[in-house]
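As written, the chain order gives the labels A, B, C and D, with residue 1 at the start of each chain.
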Amino acid sequence: MTRSARVPTVHEYPCRVDTETRWSDNDQYGHLNNAVYYELFDTAINGWIAEQILANPDPDPAQRPMAVVAESACTYFHELSFPLRLTIGFGVSRLGRSSVTYDLVIGKKSGTSRAAGAASTVAARGHWVHVYVDPNTRRPSEIPDNVRRVLASARIEKSDDDTAARAVGTTARIVHTARTTVN
Amino acid sequence: MTRSARVPTVHEYPCRVDTETRWSDNDQYGHLNNAVYYELFDTAINGWIAEQILANPDPDPAQRPMAVVAESACTYFHELSFPLRLTIGFGVSRLGRSSVTYDLVIGKKSGTSRAAGAASTVAARGHWVHVYVDPNTRRPSEIPDNVRRVLASARIEKSDDDTAARAVGTTARIVHTARTTVN
Amino acid sequence: MTRSARVPTVHEYPCRVDTETRWSDNDQYGHLNNAVYYELFDTAINGWIAEQILANPDPDPAQRPMAVVAESACTYFHELSFPLRLTIGFGVSRLGRSSVTYDLVIGKKSGTSRAAGAASTVAARGHWVHVYVDPNTRRPSEIPDNVRRVLASARIEKSDDDTAARAVGTTARIVHTARTTVN
Amino acid sequence: MTRSARVPTVHEYPCRVDTETRWSDNDQYGHLNNAVYYELFDTAINGWIAEQILANPDPDPAQRPMAVVAESACTYFHELSFPLRLTIGFGVSRLGRSSVTYDLVIGKKSGTSRAAGAASTVAARGHWVHVYVDPNTRRPSEIPDNVRRVLASARIEKSDDDTAARAVGTTARIVHTARTTVN
């Protein structure tokens, strides 16, 4: 594989959200259960949108589509465990008519300086596809303009080298990388 | 796209486990939260291994490696919700020295006949990589022989056409399929 | 207190529901996390009502109040852990105008015979108060007739002054039992 | 009932911990599922102890008993929902040889001033009993001295009037009963 498998740091993403762990997140191996990462990614994305929309309200509140998960994936590099505080970094790697794709990483909460952040280790990387649907028919519908503006503000640049930008191919490459490293 | 996107039915997998939903699984959209699918996949895999090992016990119980999740993915096709009863079909698509890859599907619990089962709809398809590690060092270790025998019994045939066999490439293809359908 | 602190067996309750555990239910002590018992009680109650109502449908489906939890409690006697299968026994200890109180016990799934069941150990005992509310105002509303008929079918015999006040009595008596063992 | 039903505010408790909600905490009624409150109480208690112990380390780290939940209860007054940030107030209402009882309240995160805090509404009140056990035998064992010092620092004054030491309504009676019986 000629492409490098470097995982971006939390601070290379346009959005960063601090989050916390719960006692019940630790499974019997004493580390965060794998499903918990998806709860945290979901929370980061939905909390961020909710917060941004408040500052950028919907002109027509009645017309409020919902975002359902069409696809998710996570690659786990290092263990995390309660009572750690964590930081999630994420951005939008693809913005379609009714769907949006996120690239996310999660790690221990780091200091506030970019230098400190850059040094902190990414424990897992996620991939997330939300599809906006009509709440009644539950069929895909166009992403509303006010949400689209929020999502567009978090776009990750697409490029050929391995930066956070390359989210669309992420899962496949991560799979490959993980396979070569663990086996 | 020349590759067919047919998702195998639950009954095309060598292992099938019935499972149930919980009231708290439904999120505010009235359907199973996306993270719940991972809890169910995890339960199906670990419960199946525990049950099989009992019938095929470890010659040396002291030497008991643990399996940690290195990678997981899910593509969601249809909503599921409490109080449905579900069936998970799964098999081993790759068996390495220290890691094992599963291909899984989940849908409403169907009748016991293969014909009935074939007709039931797959609601989501998962991809799962377990790495066996030494409980102390948490570094990859060889899959123990008794576990390997269990895993080998659930191998999915590899072939060029799109059957359950094609698990390794699954995520990438599902992503592609999902993208073409939703956007 | 003249009443004995004997905890009823699962088979002494009018309703019994089998349930299963999940891998993620085990916390870092290798046993079911305390919050999981509440998920299981909730599931048993709501699943049972849903099933009973199907056989006894609402004459006016539009008028469908929701039941919210006003109060819950659990006393833990013994550990349970994945991959055990469990049985929950429960009944209605008080049926008011808008609220209903349940008494529940949970233990390992036992054989089907009453004798076998009587021998199985109760691992925890719960107390649960549902209040029916109007879905729009979220204020208490009368329990609908079809639901009331279901609840009435699961009444537990009253003794002494069985009022709402004695919801506490359940917990207190449980506490009494627990006290002798733990402290 | 001659006792007032006033519930103490978060700021009347010796310990206060901020916490956050997750998207998956909301159940299909769009509010925090009842079991989530127990996850949050557990997290507040265990996180606080872990943090305090770090500043007050165990003289003998090998001798580390674990705290298991013997009893829990919650009374729900008002709905909470994601994406709210919350504050938990709690204190130790009883400190025995091997068990400790907590009284807890939870509500929306308020301002930092005591005046602002006093005005915020308590959404639920909990009751929690931890029993310290030997990790190997899982039988009750004495609370270690360094933990006892932490717990003692959070004692709630016992009195006849309605301070934080007293609970309210049903819970109050449960707490009161429990206190008199367990002590």
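Miscellaneous remarks
In the analysis below, a residue touches a chain if its C-beta (ideal position, glycine included) is under 8 Å from a C-beta of that chain, and two chains touch if they have at least 3 such contacts.
Remember, it's a predicted structure, so these values are computed and weren't measured experimentally.
Look at the contact of subunit B with subunit C and you find the same residues on each copy: over half of the numbers used there are shared. Of the two chain pairs considered here, B-D and A-B, the higher C-beta contact count falls to A-B.
Inter-chain centre distance (subunit A to subunit B, centres taken as mean C-alpha positions): 23 Å.
The geometric centre of subunit B is 32 Å away from that of subunit C, both derived from CA atoms.
Centre-to-centre separation between subunit B and subunit D, using Cα means, comes to 39 Å. Of all residues in subunit B, those touching 2 or more other chains are 23-24, 29, 33, 35, 39, 42, listed in ascending order.
Taken as a contact graph, the chains are fully connected, with every chain touching every other chain. On subunit D, the positions that touch subunit C within their shared complex are 29, 31, 33-36, 38-39, 42, 66, 68-76, 79, 96-99, 127, 129, 131, 138, 140, 170-171, 173-174, 177-178, 181-182. Those residues of subunit C that touch subunit B in the complex are listed here as 19-24, 39-40, 42-43, 46-47, 50-51, 82-83. Subunit C meets subunit A in the complex at residues 23-24, 26-30, 33, 35.
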